[in-house]
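Mind looking over this structure? Questions follow.
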Amino acid sequence: MLRRLRYPSYFLPFLFLLILGLLPFIINNEYILQVFIMFLFNAYLASGWNIISGFAGQLSLGHAAFVGIGAYTSTILFVQWGISPWIGMIFGGVIAAIFGWLIGYPVFKLRGPYYALATIAYGEIIRIFIQNTKAVGPIELKGAEGILIPFKGSSPALFQFETKAAYYYVALAMFLLVLLLSYKIKNSKMGYYLSAIGNDQDAAESLGVNTSKMKLTASAISAFVMALGGTFYAQFLLYINPQGVLSGDFSTEIAVIGIIGGEGTVFGPVLGSLILTPLSELTRIYLGGRFAGVHLLAYGLILMAVVTHIPHGVIGTFSKLYHRILLKLGDPVVSAKTGAGKTL
Amino acid sequence: MIILEAKKLTKSFGGLMAVADVSVTVNSGELVGLIGPNGAGKTTLFNMLSGYYKPTTGEVYFRGQDITKLKVFETSDLGIARTFQIVKPFGKMTVLDNVMVGAFAKTGHKKEARDKALEVLDFVGLFNAKDNLAESMTLGGKKRIELARALATEPELLLLDEVVAGLNPSEVKGVIEIIRKICKDKRVTIVMVEHVMQAIMALSDRIIVMNSGRKIAEGTPEEVANNPEVIQAYLGRGMTKSARG
Amino acid sequence: MLKKIGAVTLIGLLTLTGCGSQTGGTNNQGGSSAGVKEVKIGALLPLSGAVAPIGETCKRGQELATEEINAAGGIKSLGGAKLVLDFADSKGDPKVGMSEAERLIMKDKVAVMTGAYQSSVTYPSTQVSEKYKIPYVVPVSVMDDITERGFKYTFRLAPKASWYSRDQVKFAKEMGEQTGSVPKRVALVYENSDWGQSSAKGWNKSVPEAGMEIVLDAPYPSSSSDLTPVILKIKQANPDLILFTSYTSDAILLTNGIAEQKINAMGMIGQGGGHADPEYLKNVGKNAEYGFDLTEWSPDLGKPGVKETNAKFKQKYGVDMNGEAAESYAAMYVIADALERAGSAEPEKIREALAKTKITSGPGMILPYDSIEFDQSGQNIHASLIMVQVNNGQRSTVWPFNAKNPDYKVVWPAPKWTDRK
Amino acid sequence: MQTLIAATLNGLFMGSLYGLIAVGLSLVFGVMKIINFAHGALVMVGMYAVFYMWSLIGLDPYLSLVVVVPVLFLFGYFLQGKVINPVLKREFGRNGHAVILLTVGLTLVLQNAALLFFGAYYKAAKTFVSGMTWDMGGVVTSVPRLIAGVVGAIVILGLQLMLSKTDLGKAIRATGQDREAAGLMGINDYKIYNIAFGLCLAILGIAAALMLPMYYVQPEAGKIFEMRSFVIAVLGGIGSLSGAFYGGLIVGLIESVTAQVWSATAAEMLIFVVFIGVLLYKPSGLLGK
Amino acid sequence: MLEVQEIEAFYGEVQALHKVSIRIEEGEMVGLVGANGAGKSTMLKVISGMMKPASGMIKFEHRVISGLPSHKVVELGVAHVPEGRRLFPLMTVEENLEMGSYLPGPKQERKDTMDMVFSMLPKLKERRKQLAGTLSGGEQQMLAIGRGLMSKPKLLMLDETSLGLAPVLVEAILEIIEQIRKQKISIFMVEQNVTICLQIVDRAYVLENGKIVMEGKGTDLLENDHLKTAYLGL
C-alpha cells in the first residue's frame, strides 16, 4: 500500500485528504475556515440528497424537510431535556428516516416531475406546520420564532466548541463518513439496484429488485444523513428557525449542488459544492454589498452558463481533466484503465 | 415434470378481451414457442405468465406454487426471468454493470456478482464490450445484454419476448445458438414469443399458436406449419404465397 | 469542452476581479491607533430577498450618518479618520448572516459591526462577534433574547420586542381613559414569522392585563397574494381595536381591504415594519388616515436636528426617514462617539467606550428619548417608543402625551368610513 | 353568512386569476414538458412592465396591455429561442434536470436584475377602479378583483378557443403531443416552442395588469404565484387549460374559505395537503387524461 | 426526383447507415426492405429531416434537402408517414388531417383534399370527430396515411404501414396505396413484410446492416435465393 503512494492516482487523493486534515494548521484565518466548513457541509448535504435523487434518480426538491427534522429533534431534546446533541443527532436521524420512509411510501408511486412536485409540497407542509405551531403536547416547537440553543462554552460532550477548527473537524468527519457511505452503497448490491431503478424500473423488477423497498430504504438512509446534517447546522449556528432550516430555497440549493456536480456519482456532489460554495461566497463578497442583487445576478448567470455549456454535471469534464493530469504525471495505474469515469 | 402451468387465463382491458380462457403447460427442460399475429394476445398472455399483469380470472402455477398474485420481483426470486420486446437496458450503466444487477439476485458480494456476470457475458459473446455504456450498444447488443442479465439471475424458467425481432440474419443466427445453448447446456426451460419464423421453427420443441386472444393450435413446428387454420389466420395473403413459392 | 470550462471560469474571474479591485486597497486599519486613516464598520443587512426593502432603508440611514460624520472631519481623536461602511448581504438567511459576519471580521478586519435588521440573523451573527471580541451595535432587531445572553460585545439601541406589544396596548388604554371611548374587543392581526409571533406572545399577555378581550387571533403568511379572507374575518369579529404586526405589502393589502370593507374600529395600531415604511403611505393614500403606528421615530418629533436630518434624507432618497432609518442613523453616531472617546480603532477599546456611552445631545440624538445608555446586558435602557397618527398624509406624534406634537390634536376614535370625505 | 358569501366570491375571483397565471405554466409544461421554475419571476417581470407603463407613460394598467402584451410575447419568444431551446434540444430523452436548473438560474437572474434596476421597494399602480367596491346587500366586493376574476375567465376561454379552433392553436397542441410528427406536418416545431413561451408571457402580462391595481410588485413578488401555479397546474391536469381554470377556482376557494373559517395559515397548509392528496389519488390531475 | 447520395448516419456512436445511395423517379413506387434495425426507418428519417446525416447529400427535384429541418422538407413536397403512425392522440381525426395541411399551400386546398381523403377512406369520415387515440389500429394507420396525403405531396414515404395489422387490414391498406399511386404520387415504402412489399413495388432496395446489398425489380428480388433464406424464414 505505502509503496503504491508513489503513483499519482494514489498520492493525489491522499494529498488532498492530508491538506483537508491539516487545514486548520495551515490556514490561520477563521473566515476561510468558515468557507471550508460551508463547503464540507454543503457537500455533505448534497451527498445525502444524492443517495435518493442521484443513485435512484428520484429528484427531490424538499430535502430541507429532513435537515429540519434533524435540527429540531436534537435541539428540542437538548434544550428541553438536556440530552446531548450527539445522542439527539441519532434520534433525529431515526425520526427523519421514519419520515422518509412514511413519506416515500405513497410518493414513490409518482414518476418524473410529479414526484419532484410532491417533494416540494411535503417540504412546504412541514415548514408551514412548524412555523405555525408553538407546541405539540410537551414538545415546544416555538413556531416561527425558532429555537435558541444556549451556548455553554467549550463542551465537546454537548457538541459545542469554542474554536472554529473543532467544528471544522466535525464537518470533515461527517463529510468523510458520508463519502464512505456513498462509496459503499454505490459499490454494493444496493447501489447497483438503485442505479438499475434509476435507469428502468420495470427491467429492475424483472431481475428480482424489490423496487419500492429499495427506494424506501434509500429514502430512509438519505433522510437519516440529512438529519445528522441538521444537528450540525443547529449546533453550529446555535439557532434554528423554520424559514432558515426548512425553506424551499434551501432544498433547491442542495439539489442544485448535486445536479451541477453530477448526479449519481460519489464525488459529483463534492465537486458541486467545491464549485458553488466558493462561487456563492466570492460573488457575495465582491458584489454583495455594492449593488443590491448583483452577486446573485452573477451567480445566476454563471449557473445558466454552466448548464448550457457543461451538460450533466461537471464531474464528467473534471474526471477527464483529472485523468489527463494523472497521465501527465506518468501514472502507471491509470494509463492501464480506459474509462475515465471509473477513477471516480 | 411440469414447471409452469397456466389455468384458464383471461385478461380484459376495459371490456376488450385480450386473452380468453387460455391454458398452457410447460414441462421442465422444454422450449416452447408462442406465436400469433399482432394483436393475438401473445404479449398479454406472456405478461401474465411473467407476473407483469394480473389475470382477470385464472391462475398461474410455478413448480406447483400459485404465483398468480406475486409481485414481479418475487417471481424472479423463485427462478423466473424475462426479457423485454422493447429492450430496456440500463442505458447509463456499463454492460458489465447491467449484468451484475442480475447476478446480485443470487449473491450479496460484489466480487461474486462480477465473476458471475463476466462468465455470462462470455457465454453470450459480449465479454469484449463489457465496459461500454449499454445505451451505446446496437440493438443486437442490447438484446444480448437482456439475455445475459436474465441469465445472470440463474433462472429455471426463462421467458423471452421477441428476442430476435429486429436483428439481422447473422445476428439472429448468433442469438439462436445462444438460446439453444441456454436450453440444452444450462437446462433452462424457455418460453419464447417470436415473430421471426426462422428462429421459432429452428428452436421450439413445441409451438402454441394464438389468434384473437385464443389458443388455436398447439404442436411440433411441423404440425403447426401445416395446420391450415394457422396458415389462414397467421400467415395471411403474402406469407401463404411465399410459403407456396 | 475544456474550452467551454475555461470560458465560464474566465467570465467568473473577470466578474470577480473586476469588482474586487475596488474593494481592496483600503486596508490599513489595524491595531495601533497611530496613523489610522479610516475605520471599517461591518454592516450586515438583508440586501436581497423578500426583506430587501427594509434592508435598503437601514443602509440609507447608515450611509447618511457616515457621510455627515466624515464631512464633519471624521474621528478627531484619531486624527480625522474616516468611517468606512463595509456592507454585506445576509440574504435574510441566518446561515449566510453568520458566514458574512465571520468574513467581515476575519477577512475585512472591521473594527465594529452593525446590523442585521432581522432578529433571526442578528442573533447568530452577534454570537460570532462575541467570539472574536468585536463590538456589535444593533440598531433595530427587537428579539428580547439578543441582549439576554450575557454577551459583552453586543449593544442594542432598539427597544425589546416585548416593549412594543406592551406599549401598543398601553396607549390604547390611556387613550380610552382620556376620551371615554374605551376599546374592549381587540383583534390581533399579524404576519406569521418570528416577528409577528413574538408580538402575539406579548399581546396575549398585555391585552387581558389591560382588561380587554381578544376577539380575533389572525396570523397570516406575509407573502400572501390576497388577504381578503383575513379582512373579512376582522369584519366578522367587529373589534374596537386592531393591533397589527405587518411587513410592507401585507400592511398595504390590509389597510386597503379594511377601507374597502368599511370596517370601523376606534383604533388601528401598527408597530413599525410595513406601517412605518414610506412606501406604505404612498401606496394606501387616504386609507391610512387616522391609523396609528407605534414606532421608534417620527419626522415631527420636537427635538433639535430632527427636521434638518429628515430634510437631508428626503432630498437624498426621495422619502421620509422612518424608525429603521433613524435608528440605523443614530447607531452610526453611537459608534462614532465611542471611537472618539476610545481614541483608538482597537475593538477592545471601542467596546469599553461603548459600554460607557452616555449621549444626550449632538446630531445623532434624533431619537425620541433624551439619552442613550447601555446597561450591563448591552441594552439601551432609555429606548422608548412613540405613537404616531396619520392625518392628511402626515405622521404626527401623539404619545407619550408629554412628547406629543403640540400642533396636532389626536383623533380617537377614528371616524366611521362613511363619514369620511 | 354575509362574510362567508363574500369570502366565496373573493375566492372565485382570485381563483380565476390564479388559474390564468397557472395556464401559462401548464401550457409551457404541456408543450415543452418543462417544469418552469422561473414562472414566478416571469410574473414579476410582467408586473414591472405594467407598472412602468403606468408610472412612466401614465398608461392605465388595463390599457397598458396594448403595449405590454406584445412586448412580453417577444421577450418570451426570444427567451425560449435563445436561452431554453439550446439546452432543451440537447436534453431530449433525458431526465430534464438540466432544464430545471436552467430555470432556477433564470429566476435568480431575473429577480436580481429587477432588484438592481428597479430597487427593492414595493410599487403599485392605480387604475380608475382602484379601491372601488360593489356593495350587494352587505356583501362587499372589490371591483378590481371582480374585473380580475371575470377577465381572467374570459382570457382562459379565449385561449381555449384559440387552441382548439385556429391552425396555430392546433399546431401548438400537435407539437405538444408529438414534436417530431408535428415537424413532418410542416410545423416549425421550435418556433412553436417559442410561440408557446411567448404566449405564456403574454398571458402573464394580462394577469399582471389585472393584479397590479390590487397588489404590489417587488422583485420577489412572483414567488407566491409560482407555488400556487404548480399546485393548480397539477391539480387540474398539466396541459389542460380548463383544468387550470377549475384548479384555480378550487385553490382560490380553499384559500379564501379556509382562511375565513379557520386561519390564513391553515389555508396555506391545506392547499399543499390537497395537492399531495390529488397527486396520490390521480397524478394526472382532476381533469387530466 | 429524389436522389440520395452516399448518406451516412449515426445514433450516438453507432453507425446506422453506411454510404447509402437511392434513386426514385417521378411516378415510381420504390420499396426498401430489410430486417428491423437494418436502417430502413433511419433512411426515411434522414430524407424527411427528422435526423441529420453525418455525410452525403440528398436532392429532391434537383434541390439539396439534406440538413433541412423536417418542416422545410414537407414544404417541398415530401410527406413522411412515420413508423408507429405518430398521430396526435388527443386531437380529433379531422384536426389530425388539418394538421396535415398546415402549410399555406396545401391549406388553400384543404377542403378539397379532405374530401378526396374521405372518399378514399370513408371510415375516417364516419369518425371525423373522434379522438385519434381512440381509433383502432387499422383506422389509425389509415388516418396516418390520410394525414400524409393532406400535404399534397409529390413523394409519399410510408414506414411500416402493415406492421401490427390483421391480414384483412393489410390488404385494405395495400388497396389504398394502389389508389394513391394512380394519382401520380411517387411512393417510397419501407416494409419489414418483404413479400407484400416486393409484390407491389416497381423497384426495391434491400438494406442489410445499414448497407444496400441488392437492388432490382420487386418480382425479381422475390425470387432471389439470398433474400428467401435471409428474410422469409421457413
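Residue numbering begins at 1 within each chain, and the chains themselves are lettered A, B, C, D and E in the order written.
In this section, a residue touches a chain if its C-beta (ideal position, glycine included) is under 8 Å from a C-beta of that chain, and two chains touch if they have at least 3 such contacts.
Everything numeric in this text was worked out from a predicted model, so none of it was measured.
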| item | value |
| --- | --- |
| Neighbouring chains common to chain B and chain C, by label | A |
| Chain whose mean Cα position lies farthest from chain B | C |
| Farthest chain relative to chain A (centres taken as mean CA coordinates) | E |
| Distance between the centres, which are taken as Cα means, of chain B and chain A, whole angstrom | 43 |
| Separation of chain D from chain E, taking each centre as the mean of its C-alpha atoms, in whole Å | 41 |
| Centre distance in Å when chain B and chain E are each reduced to the mean of their C-alpha atoms | 31 |
| CA centroid of chain B to CA centroid of chain D, Å | 49 |
| Per-residue overlap in chain D, given as positions that touch at least 2 other chains | 112, 115, 119-120, 219, 265, 268 |
| Contacts with 2+ other chains: residues of chain B | none |
| Residues on chain E engaged by chain D in the complex (per definition of touch) | 48-50, 69-71, 74-75, 79-80, 82, 86-91, 95, 98-100, 102-103, 106-107, 147, 151 |
| Of all residues in chain A, those that touch chain C in their complex | 29-32, 34-35, 38, 128, 131-132, 134, 143-146, 148, 150-151, 162, 233, 237-239, 241, 243-244, 247, 279, 281-290, 292-296, 298, 301-302, 305-306, 309-310, 314, 317, 320-321 |
| Footprint of chain D on chain A - complex, ascending | 57, 59, 106-107, 109-114, 116-118, 120-122, 124-125, 128-129, 131-132, 252, 256, 259-260, 263, 291-297, 299-301, 303-304, 307-308, 311-312 |
| Complex contact set, residues of chain A against chain B | 187-189, 192-193, 195-196, 198-200, 202-211, 264, 338-339 |
| Chain D-facing residues of chain C, complex | 47-50, 52-53, 55-56, 192, 218-221, 223-230, 232-233, 235-236, 248-249, 252-253, 256-257, 259-262, 277, 279, 283, 287 |
